[in-house]
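The letters A, B and C name the chains in turn, as written, and every chain counts its residues from 1.
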Amino acid sequence: MLSAEGLRHAFGEGGGQVVALDGVSFNLTSGQTLAIFGPNGAGKTTLLKVLAGLIRPQEGSVRVAGGRREIGWIGHESHLYEHLTVRENLLFWASLYGVPAARRGPRAALVLGRLGMSDRADQPVWSLSRGLAQRAAIAKALIHDPSVLLLDEPFTGLDLAAAAELRALLGEVRGGGAGGRVVVLATHNVDEGVELATDVAFQRRGRFVHFAPRGGRGSSEIAEAYRRVVAGKATDA
Amino acid sequence: MRELIAQAWTVARKDLVLEFRTRTALVSAVVFTALVLTVFNFGRDPTAVPTIDLAPTILWVTFTFAAMLALNRAFQLELENQALEGLLVSPLSRTSLYWGKLIANLVFVAVVEGVGLPLFVLFFDVPVGRVLVPLIGVIALATLGFVAVGTLFSALVIRTRFAELLLVVILLPFLVPPLIGAVQVTARLLGGRPLSESVGYLKLLAAYDIVFVSLASFLFRFTVDE
Amino acid sequence: MSLTQKGRWITVVALVCLAAVYVRALAFTPVERLQGPAQKIFYLHVPAAIWTEAAMILVGLAGIFYLFLKDPRLDRFAEASAEVGTVFATIVLTTGPIWGKPIWGTWWTWDARLTTTLLLFFLYVGYLLVRGAVRDPGLRARYAAVLGICGMCLVPFIHLSVFLFRTLHPQPIILKPSAPSLPSSMLATWLFSLAAFTLLYVGFVTQRYALSLVRDAHGGGSPGHA
């Protein structure tokens, strides 16, 4: 469903060059949730942008079954027009993602219902609180029922309660097993993403220094392994 | 093809809804136009040169500056709403995005010109009555050229420093040929000359439009992605 | 021999040729009847103008190839050509008035060649400003290519609009010999000068290209040149 092969990408030239991706490859199928942990500057955002097709990698390739239509993106930017209502935003994006005209309204209503925002549908986005705006952004990412979800540090700026809510929501939304979505979640905080993950990767200076199923490991084990990796020691946990 | 047009229209409609709902950009542009026309009045000596001689210049300099101001809005809107990335992640084709922005820009500038032209006629007592239709035609032709190139360049400057200033500097040389054509045709129309005398300039305007609309539409995909 | 050295040699040869052209022009070519000795600046002015335009076309062509091939060498060449084009434009814009003053009594006239070169100058400046305003080399090259292609496509429109404009207000045709065909000795000097300027273009571009190779190898350095 989502595969990357030999991704390499650098910014700048000559001596000042920053290598953001240095040979990343992996394969994911439906139902898998990959949590990528890495410090700032590890190249997580670049990797997600390459997966989404925002950046064309200098080397390597990405394959997403179904193309851009099947990708839902949640990142630092809200992708919502402040002076449009939540519903108007959803209808706009649904249209761009090729949702047939007759299905847009019902789809919007469905997604809003699922996110508990039905009563806010006709409010302009600027009037929403931060938490609600975040939920609206998720609604936008889901409006076209994508089979792949890419999340770039989605927990930034959320308090503990809101973060827990988001985790619960993501757990629901990704579905399970063969019918589930592929989710790729990038974060620098192990606690945030570890429960959701079926697979875990550590990214450091553009490379995956670890990629394995989470197994039954809990947050503290993973965090320990991650800390070792970040300190430059073990390459596998 | 149909999808291309449909998506372009979706983008354009969204832009126009936003512009008319918030109105700030539109009102500012209209007020700016009125102010420029006013300034022109004080910038001349009515006893020295008859207004009719200066009229085409006044009109076109005003429209040129108004258009350049208006062009910033297209991608500024996306940046302000943090939506540009969203547009680029979606399956929206870059060409549709260009056409959507072009259409929205054209409508926006048309509204500004729609207020500017009557004001111009009023302030400078310009007899446009009989030539109104061809005059509007020339305005449309020239504006299309300005806005086609301007939409491309406004995307190009998004990721540069001093974007608004840079846009003006790189765009103005491109506006000179259509400007020459527009001013000359306007002068002839206002002077009561037959349209046949303006054919050369009209051809210039038409050729410019065809070439630059196609070129800008094609090159857009290289400017807007990261 | 390194690229820089080759470039230097070519430039030196070109300058020697140019000097020889001038010796020939001043001592061995007949003085033009109507314009007098000041006309001799024509041998400098016209080839420089020709190369100003040619350099822009080359920038555009390099841009087209860059967009398809993505070879950074094409971008380096485009940058070099643009900078050299700016230098040549400056030569034209300074020799023009120097010539114009004694002959026509005025420092500046909007004749076809000066006007065209002035617009090209602005195009070059805009191009270099955009290069200077973008930090990432890949993005910079892409934006520069887009702007270069647009600039190249604008050149015929500049010619057309300036030509149409001029037929209205016949301006002194600066630096055209009065006879429709140049006497052979003048023609020879002129061709010799054109050849010298061609060499000068090649020499300057080679040196500038070598310079950017060095700069790029040493870590990018400042974001382009403005």
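Assume a residue touches a chain if its C-beta (ideal position, glycine included) is under 8 Å from a C-beta of that chain, and two chains touch if they have at least 3 such contacts.
Predicted, not measured: the structure shown is a model, and the values here were computed from it.
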Chains as vertices, touching pairs as edges: which of line, ring, star, complete or other describes this one?
complete
Most central chain, judged by mean Cα position vs. mean of all protein Cα atoms, is B
Averaged over CA atoms, how far is the centre of chain A from the centre of chain C? Could you give it in whole Å?
51
Between chain B and chain C, centroid-to-centroid distance (C-alpha), Å:
31
Between the Cα centroids of chain A and chain B the separation in whole angstrom comes to 40
Residues of chain A engaged with two or more neighbouring chains:
none
Numbers and ranges of chain B residues touching at least 2 other chains
226
Write out the stretch or stretches of chain B touching chain A in their complex.
7, 10-11, 14, 17-18, 21-22, 80-92, 225-226
Chain C to chain B touching residues, read off their complex
67, 119, 122-123, 125-127, 129-130, 133-134, 139, 142-143, 145-147, 149-150, 153-154, 157-158, 160-162, 164-165, 168
For the complex, which residues does chain B have touching chain C?
149, 152-153, 156-157, 159-162, 166, 169-170, 172-174, 176-177, 180-181, 184, 200-201, 204, 207-208, 211-212, 215-216, 219, 222-223, 226
Okay, in this complex, where on chain A does chain B touch?
49, 52-56, 67-69, 71, 73, 75, 77-84, 88, 92-93, 95-98, 140
State the interface residues of chain A toward chain C in the complex, per the touch definition above.
11-17
